[in-house]
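Report on the structure given below.
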Amino acid sequence: MKKEKDLKEYTIRTDLIVDLFDINQEEEGILVTENTQEDIHILEVEIMKEENKLHKKKGKYITISYQDVTDKENSKALEQVIVTELKKLMESLKIPETAKCLVVGLGNRASTPDALGPKTVEQVLVTRYLYEIEEIEVDQNYRNVAALIPGVTGNTGIESSDIILGIIDRIKPDFVIAIDALASSSMDRINKTIQMTDSGIHPGSGVYNNRKELSYETLKIPVISIGVPTVIEAFVLVSDTMQYLLKHFSYNKENYQKNKLVPVTLRNYKDYNRELSSQEKVKLLGEIGTLSEEQVKELIFEVLTPIGYNMMVTPKEIDFVMDKTSEVLANAINKSLHKNFDI
Amino acid sequence: MKKEKDLKEYTIRTDLIVDLFDINQEEEGILVTENTQEDIHILEVEIMKEENKLHKKKGKYITISYQDVTDKENSKALEQVIVTELKKLMESLKIPETAKCLVVGLGNRASTPDALGPKTVEQVLVTRYLYEIEEIEVDQNYRNVAALIPGVTGNTGIESSDIILGIIDRIKPDFVIAIDALASSSMDRINKTIQMTDSGIHPGSGVYNNRKELSYETLKIPVISIGVPTVIEAFVLVSDTMQYLLKHFSYNKENYQKNKLVPVTLRNYKDYNRELSSQEKVKLLGEIGTLSEEQVKELIFEVLTPIGYNMMVTPKEIDFVMDKTSEVLANAINKSLHKNFDI
Amino acid sequence: MKKEKDLKEYTIRTDLIVDLFDINQEEEGILVTENTQEDIHILEVEIMKEENKLHKKKGKYITISYQDVTDKENSKALEQVIVTELKKLMESLKIPETAKCLVVGLGNRASTPDALGPKTVEQVLVTRYLYEIEEIEVDQNYRNVAALIPGVTGNTGIESSDIILGIIDRIKPDFVIAIDALASSSMDRINKTIQMTDSGIHPGSGVYNNRKELSYETLKIPVISIGVPTVIEAFVLVSDTMQYLLKHFSYNKENYQKNKLVPVTLRNYKDYNRELSSQEKVKLLGEIGTLSEEQVKELIFEVLTPIGYNMMVTPKEIDFVMDKTSEVLANAINKSLHKNFDI
Amino acid sequence: MKKEKDLKEYTIRTDLIVDLFDINQEEEGILVTENTQEDIHILEVEIMKEENKLHKKKGKYITISYQDVTDKENSKALEQVIVTELKKLMESLKIPETAKCLVVGLGNRASTPDALGPKTVEQVLVTRYLYEIEEIEVDQNYRNVAALIPGVTGNTGIESSDIILGIIDRIKPDFVIAIDALASSSMDRINKTIQMTDSGIHPGSGVYNNRKELSYETLKIPVISIGVPTVIEAFVLVSDTMQYLLKHFSYNKENYQKNKLVPVTLRNYKDYNRELSSQEKVKLLGEIGTLSEEQVKELIFEVLTPIGYNMMVTPKEIDFVMDKTSEVLANAINKSLHKNFDI
């Protein structure tokens, strides 16, 4: 078995700060605020020093956790939360109302779970060309907004960051909003989490390989990124299932008497929390039972990768969920960027 | 742990006969022929009695196994094999050259891995409306062919079988060819297997629930179904991975010395075959190590279903693979139905 | 020049009753009501006898005329008008709240201006499959609704009416709502008119050839059809332009002094109404100037058809307009069919 | 009536050189070669001086005229002609086999007739990212190719030329191939002509407004543009029809006896060539009959523009034609760029 140190080099990066830490475990230089509105949970993490235990870049990380976005009421409430948080983030970055915005939709339009960025940007209200025509006086309640769908490197042969940098050089926006689908490191977050941050984003970390970062450091203007985990890789599914397997045993053992007439597939143990003892784990899962969650992930990654089976896992109704999520994001972005959008 | 008998009731049906049996294990009433052309393997199984060990319906089952369909040469060879096998199947059903065909594309156009049927049918050469116009004399080298994409029950509110039966009643075709995406019961078959059979098909067994069968019994005309496994459910991925985990250990143990400088993720052990001993299995996987492959599948199904996590697993490049597979299928169907298609 | 009588045989049928008559010209057996709400004009025509001057079938014809549907406010007002009129039509047909509905989207999904029916039906709330599952008790505020997109004969080889009849035979709905794109006989109506009628519809009259009628007579249940003119054929464009040419001359002659500094392309003469004298018409357009509007249409049809140039004319932003129109129609249908849709 | 000189300012530019001149009318500094292969006609025009009678830029203009591209044989022959001509053009520009290419698909993906560029580029074989990875040694028979779909200004708010220039700055290709749908100035050319030139292209001249030119002068590297007329504007249709109207009269007058039993809509007069006398023209069309073709175009443009009716005219089967045309173009580009593409 590999030792902790060795694991690092293989570690699959998670894009979600919420996967990284126990929010009760306070630390100097990390500010945490939590907030719940109806069924929506908002976690704000501010990392104030470049060197920190989370190994994350300095910046604000806002994690919005929600339930089923295909429900009308949920989606309206969610939209409102995103507007509020996005405006706060823009304020904290001191972005004035007259600042010009470039909205970038990262990802691959042809792959359903990776199409979130392009689908969202297609619904963003673009005004820059009106500002460019001298004879037109644009209503100042509509910000100067341009939009870009750079495509994926596999199709263009060009790094997204090169495309974006090239365009920034020419049109000189004041800040960037980038939307991307992410890979989740947990089944529980898929299509149920939005992360907004001013610390940058790696295009293509969702479905394809890591690419050059888009951030203040690389683009020289503020970058707000909005990411939604829409897929998990197969190795995450398998290792998460291992944990649920243990939970399932624990739950069914304890509730045997109560449940014996309930069909197994209807015994929802999701919120059950008793940990199995180490001994029980080993009995059930042998040596695998001795590994930490992270170690199991690494192991399964090592099992699936050489045989080419680290596939993509999505909910069955992914196309419908992507439609709704992109609609919510686009509405929220429009309302945050354009004062008069809703009127 | 559930006993063999109990397992049956939960068993997730596989649509692929090739998953069901050991072809060396001959049995009365089951005729097996094998054949390999270049990299394509053809398995013909004829089940001659309604009562049989495989619990499958009487009929011919042709399983074509192939490699990467996105490779031009592979896809050409595959197309030719399908033409040959489809024509043989039509002959064995005594379908004359003048018989009218209804081609049906089952599945959901909006879900990439389930869109195989609709995508294929869109490329089929349809001629029936020419035959219906009295003044036109149709070249008899083009068969009378109609096409139908019935949609999925979730969108139409109507069983596919009801739509198809209603149309058969009105247009009276002589036989049906139905194309559908299937769920695979093994990672190894996904997008690498085509099954053709004259024994019928269950619309929607790929991504959604089972529906009423389309077969000679229900439609009263011969039905040739062509199915391609394009997704696996999460429980299959997890249980397959368990088997690969054991293989991975076995391989790495035996080849430790040879491989120690090769990165773990490059050690391809796929074709390695030494079984671990029961003792080794228990050491590694505890009680799980004592279960049969099928038992592990059932168990994982029971773990994932109650918490709503029995997701859909596809290769990352699924949209591209679907484009190519539907093209190969449509070409093969066109060449099999229309004498002059290629000229 | 052809005589009036001869013209009839070539006459291209208009699907819009509003094209056919001068509403001031009252007639026995034809009831006309007009109504304007904000910018939306509603014309209800009831034809009470099978034999009538308009050569149209007995029935109610509701024509809703509106402005730009891509404007948010317009589209909301329009949606409300459609709901009101559709409900009135259902009431007049004595369709009870428990009546089962089949919604049919006619037309070709692959042709932007002809995709209105399919696009609308994709957004209709379908419930029939819930009603079919015995164990589920469906909220009676949601009607039993099924949906069908039959495709076009060119792709399926089957008449739409055969597909629909086949399905009606099997699922026995109580009434049908059919949505289709129409060909307009005037540039002014394109994407600015909705016609609802209980007298039936001819699938495919929009972009392709006439097909068998869908009506009470053929389906044996009430049929409400909703049609929107989304294209005009080239011959209509040309002949309409001839009329505008005359208007343009008349206007510019009369307003020469006033306009001489206005660029020609900005002189909007659309609402200008002085007719040119016959003499003026002949001076400008020669023998063509002596023809009636209808005769010009016939003539241009005769000019374009033999050389295969009777093309399809659409506004440049047709894809966007189709998105919005289908959204308005689907919302209105959902609200009319399902009591609780909006809550 | 406007005088010749005044007309100039309104003149709608044609993108097709073939519309501009009578090839028999030789001129110094303009080299013309013609060539016919089966049904495909190739016209090469080389303009050798910046100042020339055609008011076109210096450069090579290759016009390929063909029949129905949806016919398999035609499309194969056409593909071969494009490969030959494109290679010749690359040679004449002294583009070496190792030169890096950026392929640009201009136009709007959401508008069927304007989607030619994006659809073609999606099928181009991209290799640049392989060349960028140090460890990979790329087969030199595959050229370094990148691809870009910049979108349209209406959706991005950015001029296509700015996007392309920005990217050229960063990835430094050696030459550009740009594909765009054009507006035709004649019904006869629509989907039947390909123009290739090294003199540059104006993005968006097809369906939207003129934009900044892409050419050697603006990009500082060779630009090969490939344009296909896929739409005509309404004013072209109307004025072309006027000419056909005259032809139709002339033909029917002369062939009255012969044709009197043939239905009018079947009398194909397309290739009939007798000109009517001026007197006959005036008799039929009045003052309009005295105008030149170009003057009629200007007039109709002036009639349709102020009332917002200068619509878009396409063949009815445009979606299918676009599929086939983009396939032919992409194949031809791939074969021209990559030595080993076909092997």
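Letters A, B, C and D mark the chains in the order given here, with residues in each chain numbered from 1 onward.
As a convention for this text, contacts are C-beta pairs under 8 Å (C-beta built on N, C-alpha and C of every residue); 3 or more make two chains touch, one makes a residue touch a chain.
From a predicted model like this one, the values you see are computed outputs, not experimental measurements.
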item: Smallest count of steps, each to a touching chain, taking chain A to chain C; value: 2
item: Chain centre separation (chain B, chain D; CA means) in Å; value: 45
item: Computed distance of Cα centres, chain B from chain A, in Å; value: 34
item: Residues of chain B touching at least two other chains; value: none
item: Chains touching one another, given as label pairs in label order; value: A-B, A-D, B-C, C-D
item: Partner chain C, residues of chain B touching it in the complex; value: 122, 126-129, 132, 145-149, 151, 153-159, 162-163, 165-171
item: Contact footprint of chain D on chain C as seen in their complex; value: 10, 110-112, 187, 207-208, 234, 237-238, 240-241, 244-245, 248, 264-270, 282-289, 299-307, 309, 311-316, 318-320
